[in-house]
Amino acid sequence: MLELVTSRLEDAANWGRKFSLFTYPFVTACCGMEFMSVAAPKYDMARFGAEFPRFSPRQADLLMIVGTITEKQGPALRRVFDQMTEPKWVIAFGVCASTGGFYQNYHAMPGADQVIPVDVYIPGCPPRPEQVLDALIMLQDRVQRGDGHSQLRLKHEKVVREAKAAEE
Amino acid sequence: MTDVNPNAAKPAVSSEAPGNPPAPIPPAAPLTPAAPTTVTLTIDGKPVTVAKGTNVLEAARSLGLDISAFCYHPGLSIAACCRQCLVSVEKNPKLQPSCQQTVGEGMVVHTTDSQSTLARKQMLEFTLLNHPVDCPICDKAGECTLQRLYFEHDNADSRVDVKKVEKPKVVDLGPHIVLDAERCILCTRCIRVCDEVAGEHQLEMKSRGDHQELTTAPGQQLDNPYSLNTVDVCPVGALTSKDFRFTMRSWELEATPSICNGCATGCNIEIHHNNGRAWRLVPRLNLDVNGHWMCDEGRFTYHELREQRLAVPTVGGLPSSWDKAVKLAAERLAGPLKDPATVAVVLSAQASNEDNFALARLAAAWKAPLYLTARPERGDRADDKLRVADVNPNRAGVLAIAGAAPLGDLAALETGVNTGAIRAVVFLGHDLPVSETALRRLRELDCVIALASHERGPVKAAAIALPIAAWAETAGSVTNVDGKVQRMHPAIDPPGLAVAGWDAVARLASAAGVGKTVAWEHARLVWKDMTAQVKPWSGLPWGREVRPLALRFAGSRG
Amino acid sequence: MSQKVIDALKAKFGDAIVATENQHGDDVALVKREQLLAIASFLKDDPAMLFDMPVFCTAIDLLQWRPVGDRGAPPPGSRPEYDPGEDHDGLRFEVCYQLRSLTHRHRVRIKCAVREADARVPSLAAMWPGFDWQERETFDLYGIKFDGHHDLRRIYLYDEFIGHPLRKDYPKEKRQPLVRRPDLVGDH
Amino acid sequence: MADLKTLVMGRKDVADLDLETELPPELMTVNMGPSHPAMHGTVRIVLSVDGERIVKGDIQPGYLHRCFEKEAEHATYTQIFPYTDRLNYVSPMINNCGYAMAVEKLLGLTGHIPRRAEFIRVIVSEVSRITDHLTCVGASAMELGAFGPFLFFLKVREWLYTWLEEVSGARLTHSYVRVGGVNKDLPAGWAEKLDRRLTEMEGVMVEVESMLNLNRIFHDRMAGIGVMTRAEAIAWGQSGPIARSAGVDYDVRKDHPYSVYPEFEFDVPLGTSGDCLDRYLIRVEEIKQSTRILRQAMKMIPDGPWIIDDGKVALPPKTEAYNTIEAMIRHFKHIVDGIKVAPGECYTFLEGGNGELGFFIVSDGTGRPYKCYVRSPSFVHLSATSKLIKNHLIADIVPIFGMINMIGGECDK
């Protein structure tokens, strides 16, 4: 019975989370233009609850990596991600952020997931706004299912904590 | 004792453009043995003086004029059957095939006049009439003479729209070669290669007109030891090598000039490689050694580069670090070295001059006796062409390095090991053809240090094995049977922790406390020491470094 | 287009002008390094020159330059002093300064060839502040030192980076990571 | 409760705030970026501030260094077009044209490009210039708190993107231009659509200008901020709107005419005070001038081929490439070996969205450039910015950066 209640609670919480994603746009490159389009009229990201960008990582729970990540940029990205509050999700916006795209050289990082875990990858150089909205909806499903990277990690930590408690 | 050709040391012949198989003929190199007199003629208004007997095509090329040609090959006899090199010669009503037309005093040739240009363009149009649209699946695409000549000399659309003649696409000609008869443009180069280079008549033409087709001679198959040269000379993708086809596109490859290590001839070759892996070996022009050709056996030696490689130093068969391994080796050797005569230092006819010289100098520092190991001769493969019985690339080099110093042979080594006169062995390479008992003795000695690129035979018996780079992975030189010293350039990186042989020797030396005279930063410095010490090589230039060059950007190929 | 600039340079500096050429309408003058500063100040201040606008500054690495086939004019790499030779001490880098005069509407490119061993040229950033960052960029990517530059730091890459990536002998994909995911360390 | 405070203020209690250590008398170092809302793209500024006043600003670019040059040295001349798209990704068409012009000069094709191709290039370039200025002005206005204009301008930009997409097939990274022309003709009915878009845009421009030009806050934030004198602008190698705002009468389209620009009537707006407000006004005016050029071009554009008829430069049509050996070979040589360019070097420049955009290409006769340097205006402009922000307040960095319009891809290459 208790499990039932807690799981329902969890679902309710996830339902709330998925419709109130606060994005931190980590805009570095070309994809930023398309990110503007996504946020602007016509494709209006706000319709999906991702109301408007938060430029402080501490207030955001969705990190959108928009554009190429370079080796020089890596530490900054890592720090921003660490500063975000749990639970948090990451979208790699565009092929550069996903794999490095056709920038395979000494300074372009082969994908942001070299530095931080990514939940949803969006292909395209840059991706069309429709793609981005699609990715957002996919992420929302993930949030509802509760199998985003950080959600899983939190669950795992909880289990470990309880196991420890049981031992003592 | 060794006749040294100073030019051979630096691969100047082709390292300038290590991307053009076969390399362009340097104007200096006469095709016929130096004729007594020279002839002066005019081509496109430019006067040119060439050796008597030269043909107009070569004379034009020496001027930098590129006349299109399919059937002509500087290493073969003249067939003049493709009609692609037609030029107009004054006082001559008809166009002349410039490959067949020998130069005459005061001859006036036009290669760019409307008549000959039109003729050549139309020949290309005819040649393409029955050519299949195969480029995407053709191994020659990217290095295809037909592609190059069409693109540079015609580049016009076809005006004829007829059904292409269909011929067999996959004909098995022999152990190494597959024929696609549709792509063949009937230039007969391959036939002449078999007849003139291999000396065996194994290919023929059958039928006539647009049904004419290449085939094997009755009761024959294309299995001569030089058969793969037909693939090189084929101007299209008609003949393809079973070993290379469908493995790698030519424009993905990079070329590095080197020397074939298959036997003592030392054919000049190009290593075609990509992503740290060699994909094929092709001959490189050197009229003093191998001309345009090399043997099939030599072409397949690159497979060795990926088989049973020793990638990390091993102690008793277990992986170790360089420092540990050389330190342990030095400790093991300390005892036997009290009486240097009991330490056998074995040079290898398979390794480069630099590696052998480094080891010989280490032996001198120890005052230890030198031995020589080599792969046994194979009389069966010797012919009066390129193949010789000695399958070691560098025997002459080792002899020159040893010089006056006594050089024990394998028998002496074996007896020494069996009688216990030898208590420690430091050997180079993985060829130590001694008897099983000797091998067992070596294993028991527990003081056998191997510097080897492959983990084979005696290397398994060694107490300590140090990984060294193979021939295609490091800069060095080898000395062929005629005593010509030839440069090899690094094409790919050595696997794992392997380092150049001379470097491994230097590490061992510094661990053993004799590193003062046995230490170098670069193969060039080893070379400097070596040429200073080995008399017949004194003054030989090292030659400049050559970097891999992408075939696709090597200029016009084919 | 601005032949008179080249003529003036030749007249004033004589053999300090190693070579001049007109490449597709751009006038190029290859000058001796010792005279670079004098030539620059002449170009800047002489009333007939008045090159007031710095356009760009970069370098060319001639390490792998080779004439291809038989086309085209002999490339700069074919000059004897550019020959890398056995131990790579030929003139390897050409530092290029593109200048324009808004007053006279003419432009010129000054080149200065240096060896790898002492890859340094006098800095023109004091004369044309626009060259400040451009010289830093050239230093960063080619490793050419600009004597007298007030702060010659890396500008694109990070200080931990070893080597100069636009040199022809730097592999294109040789990365030098600053940070990687702990669970991925070792893969790269 | 104490924990909560710790969470919020990072210290146990406001009471134990030590003035001596927490508010030192000497200069304070503040870090901005590399990920900061007011930074277009990613750039880092290390500021030494005396209270709110900036004493020294060390601007550090390079966070988007994508190695354009190294990539270009390993690609054929045709493969480089996509990389040029991503230099100044706000006006990609202009980069395409500039690069194509450079290669054409090396090939000796300058002046032999079909007239229709030249006109198409001018049209798409001017549309790109408009999108560039729209983005720049809109974004800067937003950063100054005026969110309305941003939405208005992005709406307009969306219309133009849609049009560009119909032309090239891509919204943003077009790769539409080719060596010797453009890769396909303009679609049917392009003129009417563009005309309608422009008319609608002019309406929006009126709205936005009425929102900004007389807006007290906007005015105060822009006027007299980041002043640059004419002499400074020239010595720092500035060009484009930045230089023109300082009164430097230099526009490549007028001073070194290229393509078919001499045939058009348009004016080059000049500023007098060289401050941010002038830069804004000039950009707005250039949008109108571009519209003028477009309207003329729509009337003057001739019929004809859109790419040069030269088998060694232009790709054959796909239908032929798949069906005839001749076209197949041409396609192969073009793709595999690249366009063969005779050895030589040239510097070709044109008026980009931000100023003089130049390509310095060195060829060694192969199918790839031996060197392909790009003279990016943003980089040059940014090098002067540390001077501009000096002695201003931290808040003034926002308009200054907005009007410098630093584009990461172009600045860091």
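As written, the chain order gives the labels A, B, C and D, with residue 1 at the start of each chain.
Convention: contacts are C-beta pairs under 8 Å (C-beta built on N, C-alpha and C of every residue); 3 or more make two chains touch, one makes a residue touch a chain.
Given the structure is predicted, the values throughout are model-derived calculations rather than measurements.
Asks: Going only through chains that touch each other, how many steps at minimum separate chain A from chain B?
Replies: Minimal hop count between chain A and chain B: 2.
Asks: Would you say B-D or C-D is joined by more C-beta pairs in contact?
Replies: Most C-beta pairs in contact, of the two: C-D.
Asks: Quick check: how many Å separate the C-alpha centres of chain C and chain D?
Replies: That gives a centre separation of 25 Å.
Asks: Taking the mean of the C-alpha atoms as each chain's centre, how many Å separate chain B from chain C?
Replies: 39
Asks: Just how far, in Å, is the C-alpha centre of chain D from the one of chain B?
Replies: Roughly 52 Å, centre to centre.
Asks: Using Cα averages as centroids, what's the distance between chain A and chain C in whole Å?
Replies: Distance between chain centres, rounded to whole Å: 44 Å.
Asks: Where in chain A do residues touch at least two different other chains?
Replies: 72, 105-107, in rising order.
Asks: For chain D, which residues are shared contacts with two or more other chains?
Replies: Answer for chain D, listing residues that touch two or more other chains: 62, 65, 67, 70-71, 340, 365-366.
Asks: Counting only residues that touch at least two other chains, what does the list for chain B look like?
Replies: 554-556
Asks: Spell out the residues on chain A that touch chain D in their complex, using ranges where they run on.
Replies: 26-30, 32-34, 36-37, 40-42, 53, 55, 67-68, 70, 72-73, 76-77, 80, 102-103, 105-108, 125-126, 128
Asks: What residues of chain C sit close enough to touch chain D in their complex?
Replies: Interface residues on the chain C side: 23-26, 28, 52-56, 58, 60-61, 65-69, 71-73, 75, 77, 96, 98, 102, 105, 109, 128-134, 137, 141, 154-158, 165-166, 172.
Asks: Under the stated contact criterion, what part of chain D meets chain A in this complex?
Replies: Chain D residues touching chain A: 34-37, 41-42, 62-67, 70-71, 82-83, 85-86, 89-90, 135, 139, 150-151, 154-155, 157-158, 161, 171-173, 408-409.
Asks: Hey, which residues of chain D end up touching chain B in the complex?
Replies: For this pair, the touching residues of chain D are 311-312, 320, 322-330, 332-333, 336-338, 340, 365-368.
Asks: Mind listing the chain D positions that touch chain C in their complex?
Replies: Residue positions touching the partner: 60-62, 65, 67, 69-71, 74, 105-106, 234-238, 248, 250, 255, 340, 342-347, 349, 356, 358, 360, 362, 364-366, 370-371, 373, 375, 379-380, 382-384, 412-413.
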